[in-house]
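These notes are about the structure you will find just below.
By letter and in written order, the chains are A, B, C and D; residue numbering begins at 1 in each of them.
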Amino acid sequence: MNETLVTVVGNVATRPEFRKTPTGVPVARFRLATTARRWDRERGGWSDGHTSFYTVWAWRQLGENVVASVGVGEPLLVQGRLRVREEERDGQRWISADVDAIACGHDLTRGTSAFRRLSAARP
Amino acid sequence: MNETLVTVVGNVATRPEFRKTPTGVPVARFRLATTARRWDRERGGWSDGHTSFYTVWAWRQLGENVVASVGVGEPLLVQGRLRVREEERDGQRWISADVDAIACGHDLTRGTSAFRRLSAARP
Amino acid sequence: MNETLVTVVGNVATRPEFRKTPTGVPVARFRLATTARRWDRERGGWSDGHTSFYTVWAWRQLGENVVASVGVGEPLLVQGRLRVREEERDGQRWISADVDAIACGHDLTRGTSAFRRLSAARP
Amino acid sequence: MNETLVTVVGNVATRPEFRKTPTGVPVARFRLATTARRWDRERGGWSDGHTSFYTVWAWRQLGENVVASVGVGEPLLVQGRLRVREEERDGQRWISADVDAIACGHDLTRGTSAFRRLSAARP
């Protein structure tokens, strides 16, 4: 309830880093950049708008598959729960927009992909 | 294209401020807080999660109606375009999560509302 | 998981009907019509596109507030879980697009609203 | 404006069919099935809910890439514009829930994918 679901379509800006939490849960983290494109009525063409950056977290099996599949610069769509997170680091206030990924995949508007299903069953 | 649409359900955290841009476009701005609620499997009950804050921008007629209708603490749902914006202010890096509202209204899960339609036609 | 969340912005097409399920759960049901508007590059103006109809279900307190607040023709935004439901009725196959509302409210792009919060605590 | 954006996460239920419209625009069409999974508080486990079917339309380059990449049974996430379409066919009323895809990709929660970017630039 009250979760903010979002789908971000963009490009991978940093190589997905894989690690395990202290309790042993695997997670991959990367930055995703998305640039709005707008129809410019006056020029009669598309132009680039603002670029937003998100920190994407992919947990467990999704995290392992992201690390095995995704490289910098590749186009991705990510659906997940959005959180705006604020922290203090070295005396500086720091805000980031985080997406806890529910599902994600290479965007087929930009190319083709070959899929290989995991053998193990998952919920 | 590549716009990130989001619907945020939360509570108004600051009084909507109304002003006009240098070119005369009316806009209202306010902060919206949303707290995720999760089902706690162990306790068998709901508990509060993380609170995210958004800066909402309501333009033109929507902005005027927001100022005429919305007060601090009221529950709202806002659909809009999400931007993560970064700026430098007084030597500090500053990031905010902005929502350019497309539509918004008082959340009827929390109470009732009496609506009055504007007489003028709008696109 | 795998729930399809949707936010529909449209107009109420039928008067919300209130009833109780056999187990006593209150629910309001109404039809919501939404018409896409597109920027026509050739004409340089907006034009009406296709109209979609949804059946909205509002449960419990939300249902009671909808019945107390919402009338035919009023503009509404509804966030909820989308289901495409198929049934057999009088030998005819019948499909409907249902939205189980999570939150909804009068759309302030079209007018103003006066909100009254319920006194009761919430889950 | 007033477009209903949706992200559907599901499985491909029919082989994508490729054709050209009378004006020569390439398009791929397929059915996508999505089954909600819910946490069953009483049993303490996940259970399958309702299955919804969507007709997905992928236009132009996206359509060509879908046909080259996607097979029956594969997991996909699709972001697009939702339309509930009603037509009369052989004297029967027929309703379908259509998604005009904006972006789509293989869901990495279920396996890995190898991406190959198209050489040509696209808006």
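The rule is short, and it goes like this: a residue touches a chain if its C-beta (ideal position, glycine included) is under 8 Å from a C-beta of that chain, and two chains touch if they have at least 3 such contacts.
Fair warning: this is a prediction, and the values are worked out from it, not measured in the lab.
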Pair exhibiting more inter-chain C-beta contacts, C-D or B-D: C-D
Computed distance of Cα centres, subunit D from subunit A, in Å: 20
Geometric centre distance via CA averages, subunit D-subunit C, whole Å: 23
Between subunit B and subunit D, centroid-to-centroid distance (C-alpha), Å: 30
Overlap residues in subunit A, where contacts from two or more other chains coincide: 1, 5, 7, 9, 37, 46, 102, 123
Touch-based graph of the chains, sorted into line, ring, star, complete or other: complete
Residue ranges of subunit A touching subunit B (in the complex, touch as defined): 1-10, 34-38, 46, 50, 52-54, 81-86, 92-97
Subunit B-facing residues of subunit C, complex: 5, 7, 9, 37, 46, 58, 61-62, 65-66, 68-70, 74-77, 79, 102-118, 122-123
Residues of subunit A that touch subunit C when the two form their complex: 1, 5, 39, 41, 44, 102, 123
